[in-house]
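Each of the next two complexes has subunit A plus one other chain: subunit B in the first, subunit C in the second.
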Partner chain A sequence: MTRETFLMRLGTGLRGHVPAGEAKRLVAYYDEMIQDLIEDGSTEADAVAQVGDPNDLVFAAAQSVPETPSQPAHPRLLLWLLLILGAPLWGALAVAALCVVASLDLILWCGPLIGACLASGFTLGGGLAVVVSPFALIGTFDYGLTQLGAGLLLLGAGLLIGWATWQLTRLCWRGHALLFRWVATQWQRPKAVFA
Partner chain B sequence: MDSQLKKGLLEYSVLAALAPADSYGYQVIKDCPPALGVTLSTLYPLLRRLESDGRVTTFTRLHQGRARKYYHLTSLGRKSIQDFVAEWPQVETVVEQIQAAAQMLPDQEAQK
Partner chain C sequence: MKPRRLLPLALGLIVFGAVLAFAGVALNHFDPSAYANVGDHWYTLLHFN
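Let's turn to the complex of A and B:
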């Protein structure tokens, strides 16, 4: 292998595996070594062979990328600056997203609310009808009997709807917890990215 | 020589190779004892580490029409060598302990 081929293969292999500056340094280092070996009496092919296989060197370099100095405070400062400047955009979007979540939660609780209203209405109405039906029976028997029957029917329906509402409330509570857990994870995700 | 032992000695040997005068990579390899087995690929990360530690600085000089990178031992590098030499008596006590243990090994075999 010629020196040119070796350096080309090394440079190409290093690309993407080590930072560009480090790749340049490595290529320059091995180029200097080959030239020193040639100067010391080796042929070009021997010098290249002594340096080693470019693939092995790439692998070794990728395994031991030198430590980069810790990032300066500028990117964090820039990030805060971008956050403040972009507040009118991301702030509006965040408020809209929160409103959507709140609307979803409200829709979720509409079922139990309707159920509770129906159950309480039916139970109260039915109960009241049953309680006052004896007075109706005394007055007009047919009306009184119908009121008692309708009252019992409403009371039963109210109790059934109440039971169904209780089950629905439990489901909605789970849905509410899942929704807010999801919102919480969305809030934590950017923190993990910026950490 | 044990690879871990070599690893520990390698950087001081490279620093020592730079102590008499500024030198370049290929010459450093030739100046290090062959027992350490310094190669082209093992020298590069070592020199990089010494450079980032501030024990070595680099500069480029023209040599026969081409640029050659030279390594210069800094005061921190010199201090590093001095510290290593100052600590050597402690290493010797460990070596003596190991030697003493090694001398006892055949006796224990004989007792069995």
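Let's turn to the complex of A and C:
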């Protein structure tokens, strides 16, 4: 077996059985051992044979790797204890964050609210002016005509603002959904903790 | 009524209303003070007094 073949079999065998750093260290160690034997006068095949079978070396290395330490018995209990003890800090921050989100949502809906008020006021005022304009037309035609025209204009403006408010409401509904979807993802996304 | 149909109706009402209001003001010879002197009409009495 050549040195290259030996090192390749050793590296492949170690992969998955020992940590990557340890595998690299072992391959370098046995490579140096083979090179030392060659320098001492052995042929490459003899040096590789003296080091041993790669499978045996992998088995020995896998046996010598210490087991990972077991998890604490009650990690959830500890987590809940920390949550309860830290409630005055994270609770206040959570309430503040909730208030900020609620304020953003409230600001978002101010536009449609103003639009709805204007639309209803213009529509009702204009509609009333149109409805009562026939009474004004009797006797004082020019005044009645002005009122009818102004009433129709206000009614049209009210409907136009109503249409714009409807479009704005659809946009705001999208913004509202995006905002709360973002808030919901904050609980699902894993966080990095720097301590 | 669908919101899309509301838009041409609203624009039509605005244009038509503006024309009528302009005509009414023109019949009053573009005199705003004329609107203040209609106290003798029953309709104005009903609404403003």
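The rule is short, and it goes like this: the second predicted complex is superposed on the first by the 115 of 195 C-alpha atoms of A that agree within 3 Å, B and C clash if a C-alpha of one lies under 4 Å from a C-alpha of the other, contacts with A are read in each partner's own complex, and residues count from 1 in each chain.
By our rule, contacts are C-beta pairs under 8 Å (C-beta built on N, C-alpha and C of every residue); 3 or more make two chains touch, one makes a residue touch a chain.
Computed from a predicted model, the values in this text were never measured in an experiment.
> Regarding the shared-chain residue A:51, is it in contact with subunit B (first), subunit C (second), both, or neither?
It touches subunit B, and subunit C stays clear.
> With both structures superposed, pick whichever of subunit B and subunit C touches the larger number of subunit A residues.
It is C that touches the greater number of subunit A residues.
> Applying the document's definition of touch, where does A:64 land relative to subunit B and subunit C: first, second, both, or neither?
first
> Let me test your reading of the model: by the given contact rule, A:84 touches which partner, first (subunit B), second (subunit C), both or neither?
The answer is neither, since A:84 touches no partner chain.
> By the touch definition at the top of the document, which applies to A:162: first (subunit B), second (subunit C), both, or neither?
Once the two structures are laid over each other on A, A:162 reaches subunit C alone.
> Pick one for A:39: touches subunit B only (first), subunit C only (second), both, or neither.
In the superposed model, A:39 contacts subunit B only, not subunit C.
> Output check: A:107 vs subunit B and subunit C. Expected answer is one of first, second, both, neither. What do you get?
In the superposition, A:107 contacts neither subunit B nor subunit C.
> Would you tell me the residues on subunit A in contact with subunit B in one complex that are also in contact with subunit C in the other?
Residues common to the subunit A contacts of subunit C and of subunit B do not exist here, since the sets are disjoint.
> In the complex formed with subunit A, which residues of subunit C make contact?
3, 6-7, 9-25, 27-28, 35, 38, 41-43
> Which residues of subunit A touch subunit C once you look at their complex with the stated criterion?
Touch list, subunit A to subunit C: 132, 135-136, 138-160, 162-163, 166-167.
> In their shared complex, at which residues does subunit B touch subunit A?
24-27, 40-41, 44-45, 48-49, 52, 64, 66-69
> Which stretch or stretches of subunit A touch subunit B in the complex?
Touch residues, subunit A against subunit B: 25-26, 28-30, 32-33, 35-37, 39-40, 50-52, 56-57, 60, 64, 66-67.
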